[in-house]
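Structures incoming, each one as structure tokens.
Note that chain A is present in both complexes that follow, paired respectively with chain B and with chain C.
Up next is the complex of A and B:
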């Protein structure tokens, strides 16, 4: 293994056995692509819950900003599948971030929008394509940055930041919105998978087998 | 804190119950309720399809004030003037040309059953004609005609929850994930329970993907395939002999009709391998319970009624009727298309499917409505209207209620010409639309969420809809508007509320007699037939194999396959079929005015083409292309898809710039008069200057929106760019 690659996948902390039992392993939303019908209810639910938290509007129907969800329904080969952040234990996005804007809280890989400089390093590092850099909106309006202007008319450009699934951390009422909204119950929140014994793990990932 | 109002979704026919969250007189959200068909789930339209109530003018503007065309220009007037003017013009035309010179429509959308009841009563008792029809004519008209012939009732024989418990689902020309995501959920659940799924569709669909067998037939070859299915059942002895003997009639003629349709012969027409045809029917016949589900892929052909009867025959041959978890399901597209049929917004039946030519029935309605003589002969069909105006000069006035035929019906140019030739056009609607541009009077009504009533779900389920917010502007409920016009024409109609209308309707319809508001309240809904107060309703039809046909038996039927009417040629080498997409609905005035849904897909819409055709025509995915047929020319974005067969193309009819009904042909099924929207010949052309094409699309979109009374300020807003 090359040094650089070793760096990228370095464990975030060195824990002893005692630490392991108390550690919170990552959670993430797992999708059964085989049963997804591509209806996009998850995309809108995701946007709705995040725009609510951002103070944009009461819900998706009354907002005036573009709909930018943090989960995307994509067609992979013959199947549709919702793609979102896997909240990797050794998150490559966090390693790639030059300003430490990405951190892990209770098993959730979070982006600090304020600290993010929109450099797209995390976008490149993510093996799942789950991150994108999007304009930042506050209270229904795009946040501009005065220091950077469009050359021709000196109009301020929007401030951008990395955006990805945060398991609905802002609302923190248990279930992520996409899981709740899916009419086919294709999405599930897999919790504590890594710390569990194998039988439990199997149940988490393949409950129907 | 928001109030919660329990109601039913206004989009597809799944009949999902939901709570509207209301705060300060505005809807601010929707939550799924535990309805019979949706069980606490909703698709994206249910979750986010209510924004149009706020009149955001994303696509078009709400109608807020009555309007009359004066010197060629629509002018806002007071209600009194609009009602008086409408009544006078209709009376004058009735006087001059007779009652049959006037045509009216029902509305299969938001107005609900009561408004449809009042409308058909208005046409029959006040105008004096059976010229009333609605958009079921362009969708499930063949189901009503075909299933009534075969089984006695034109509706789904089973209920939506039963789909999940069937051992085999036979899906024919029906793309549930796009048209009814909540029914698709039942199909996925059935699969999880171990059900076999067989899909007949020219395109690979989401259901096709999870199916055990996908039969990709050539577009327009349905009858040949269905006949071959019958051939296998009969000649391999797979049919249920005892059932056929006891419960059906016409077996000898049936066997005779299908004789030549061996799987090998059908393979030549349909392109489906003979072995697959055999394998599919062996599975279908073997399954302990099997359900047929079908949609527009069956109905929108000029041989649709025959195919519906053919499919019903397959269910009859195998005994898959009259018990739970089996049957034949024409899944209704619009939320209340079943209800508009139930309420008699059809030219041949009164409410409750009672024949207009039956003297005893007519006497009953004459007495109840206080009319000396109701019209004796059947009325005109909706799809005959352009022909009746342009060729036969028979219609002079058209009362269009909650429909936008210029957008939804085939051959739009001809329809516009027909509307302009009429002496008098009334449009009663919630949004400015393409049809309203041709109106003499516009009557603005309340929308879903702004009034009470009852919808019928696709599986015959009456459910209550409830008013959640006060309507803005000078608008009235549809039933109230129609009542006022009737009163002004000298036939007093005064109802205090929708329940009064409903109770009058129930008293005249044995099928619905026991379905009171109270029972709907108590049970959450009532599936008809519900003949008495103590009857709980009927989940599946034909219990004990008692069919509603005159003889009480199911009728077997097969006939010769006929190719579609317009075939591709050198000038128009591709075939166009109209389809749906999940985020938009029908003529799009409602979903197009919901920010979220609008952003998922927008003008000019897509045309799906195969990779091979794209290569041959030098077209890239996402490019704007020009599409023309013998009837018109439009632009849309190419969507290259390997799910599409070479030579076939698909478009949705939601778009204004990419309006595929400028292209479609108006060939009709001879019985149901349903147009052949699934098959016409077109040509695709590459546009070299893509930047100019994008500008053209944008400009024509803005031009149409200006016509739709969208405020200049809104047009210029950043959201609309």
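Up next is the complex of A and C:
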């Protein structure tokens, strides 16, 4: 696996799984939209586990910043569906990033918040609308962008960075928080398999179909 | 002497009057609600109405104000719904004004919420010439610290007392003392009912959601409820009588606030009958979350406060008073005292494991002298239907039944810290419960009737349990608030928990 990762993380090409025969197939969370009730428990759980490092505890009373999740429940007509990053093997977001802030690690497409310049190129490139550029918060306070002020009152503007699903890579073990939190079992982690031929991906990802 | 079973002088059940119209306590913001109906799934009385996918409404006439819907709601106001951060901030402030929330609270706003009283209390606290008194429910001290990021169940009675003094209260009393008095009154009432012929089973009356549930769903069983006021109301009545005498102040000059885990306690405190000699027993109720708002608003560094004592005598409690905060606690406290009062012998073991547990219904038989006392504990109102149907049918031979409206007792109340992850509720409830039992185990006095301040209260002021003064101050009546479940045509859900054997 490490060999495949090294190959995919070539500095000269950020084109994800260009060599498909030996690629690490991405894992991603897939939603059964027909069953979603729109409770946003996935959004809240996502925010909760990604905020622990920022000093936010288990109770909502410990939250002093806007809830910024990495999964978005959207309504289409009468139906709800959670939308989040599909961890594309060709990662068009990474291809669009001018500062190489997006990388793939073991099939997970990750954004390096520190390196991100908030240019929104990845937002435009994402075919799923799974990326938002959001203000960065640390220890309950917004981080300001040095040198950038509002013209009207010279107030410092927040530093922003691209934010999207990272499959809870650094915050939880096992299932992503959204999958665990969903009361209707709408969400499921489709696990990518190493070296699985492309024609077998459907079986790997969607065994029910 | 007037007793609860003396119907000529103390009718336990009265018809509701026109003035008893229900003021909504639980609200659902139609601009936020997505119609997921998870709130309807936890409502024990089917008070949440609406189609899936559409904003829900709360039927205030059926709602028992337990607040479990507020606890489960995960639909929050997202900034992404607005065109700009400025617009999001303006809309947030408008929502907070509509909810009467303090303006500087940063936490997310959810679709389901309850009526807030903090602004009313902070306004009243500035009024000069009054003695400001506060009491705290047993379960606040094991949950408040969670609002400041501490682990579940962190025990902080001393810091809570210190914080309340810094918020401006002149006396920091404890509902646990009221719980000790409840045991004296309710235990005596049970003994009297058992020895003098009922009506049995006798139900506890500490939980206002349960009392309201009985008034709406089973009004014909109201004379089975103990006539005792809840510990909050009992302490409130004592604060403006006994406490006023000790402090040499007029009851009219006392402003009495209670910190509760419960969203129904404000409704209870507002009930017309909850007053003594023209003065409200308790003037205002705040939830655990509201107390946390207040502490943060005032910039108090809660976790670094020194531990301070509650004031004496109405703040000195036994371990039995403490365990009122968990399901089975009232029963255990009552048995600790009832056993010794009835048999004049020491209870062989203080920790009564047979009433401790997490099931919706627990039953046990206790040998008390020559009496085989049959008891039951109900946690969560959805579990009460089957048992009450049996009482209605005359098939329930229990002597004493504790009912708490919330799933794990007051530690899981609607006003307790709201958790972002549903899966952490079990962990939180267990930690809070363990902390309460630990606090009891560490108490020097663990039986209500051995609390020296309770003994002093009866010697100096009340006389005897169920005596004239007690009857006047500490007992109440209940109101029929509808035709009852059996008379209603609608199908009342029991949420599928009917498989408990009562025998």
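In the analysis below, the second predicted complex is superposed on the first by the 158 of 209 C-alpha atoms of A that agree within 3 Å, B and C clash if a C-alpha of one lies under 4 Å from a C-alpha of the other, contacts with A are read in each partner's own complex, and residues count from 1 in each chain.
Going forward, a residue touches a chain if its C-beta (ideal position, glycine included) is under 8 Å from a C-beta of that chain, and two chains touch if they have at least 3 such contacts.
Keep in mind the model is a prediction, meaning the values are calculated, not measured.
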Inset, instruction - Give one of first, second, both or neither to describe whether A:72 is in contact with chain B, with chain C, with both, or with none. - result: second
Inset, instruction - Go through the superposed model and pick first if A:129 touches only chain B, second if only chain C, both, or neither. - result: neither
Inset, instruction - Report for A:45: first if it touches chain B alone, second if chain C alone, otherwise both or neither. - result: both
Inset, instruction - Applying the touch criterion given at the start, work out whether A:177 contacts chain B, chain C, both or neither, answering first, second, both or neither. - result: second
Inset, instruction - Could you tell me if A:35 is touching chain B, chain C, both of them or neither one (first, second, both, neither)? - result: first
Inset, instruction - Identify the overlap between the chain B-contacting and the chain C-contacting residues of chain A. - result: 37-41, 43-45, 47-48, 58-64, 66-67, 78, 80, 181, 183
Legend entry - chain B residues within the chain A interface of the complex: 23, 26-29, 38, 41-44, 47-48, 50-51, 54, 176-177, 181-182, 184-185, 188, 191-192, 204, 206, 209-210, 582-583, 594-596, 599-600, 719
Legend entry - Residue ranges of chain A touching chain B (in the complex, touch as defined): 34-35, 37-41, 43-45, 47-48, 58-64, 66-67, 78-80, 181-185, 208
Inset, instruction - Quick one: which bits of chain C touch chain A in the complex? Just the residue numbers, please. - result: 34-38, 52-53, 74-76, 78-80, 85, 88, 106-108, 110, 146-150, 152, 289, 292-293, 417-424, 428
Inset, instruction - Flag every residue of chain A that touches chain C in the complex, lowest number first. - result: 37-41, 43-45, 47-49, 55-68, 72-73, 75, 78, 80, 132, 135, 140, 177, 180-181, 183
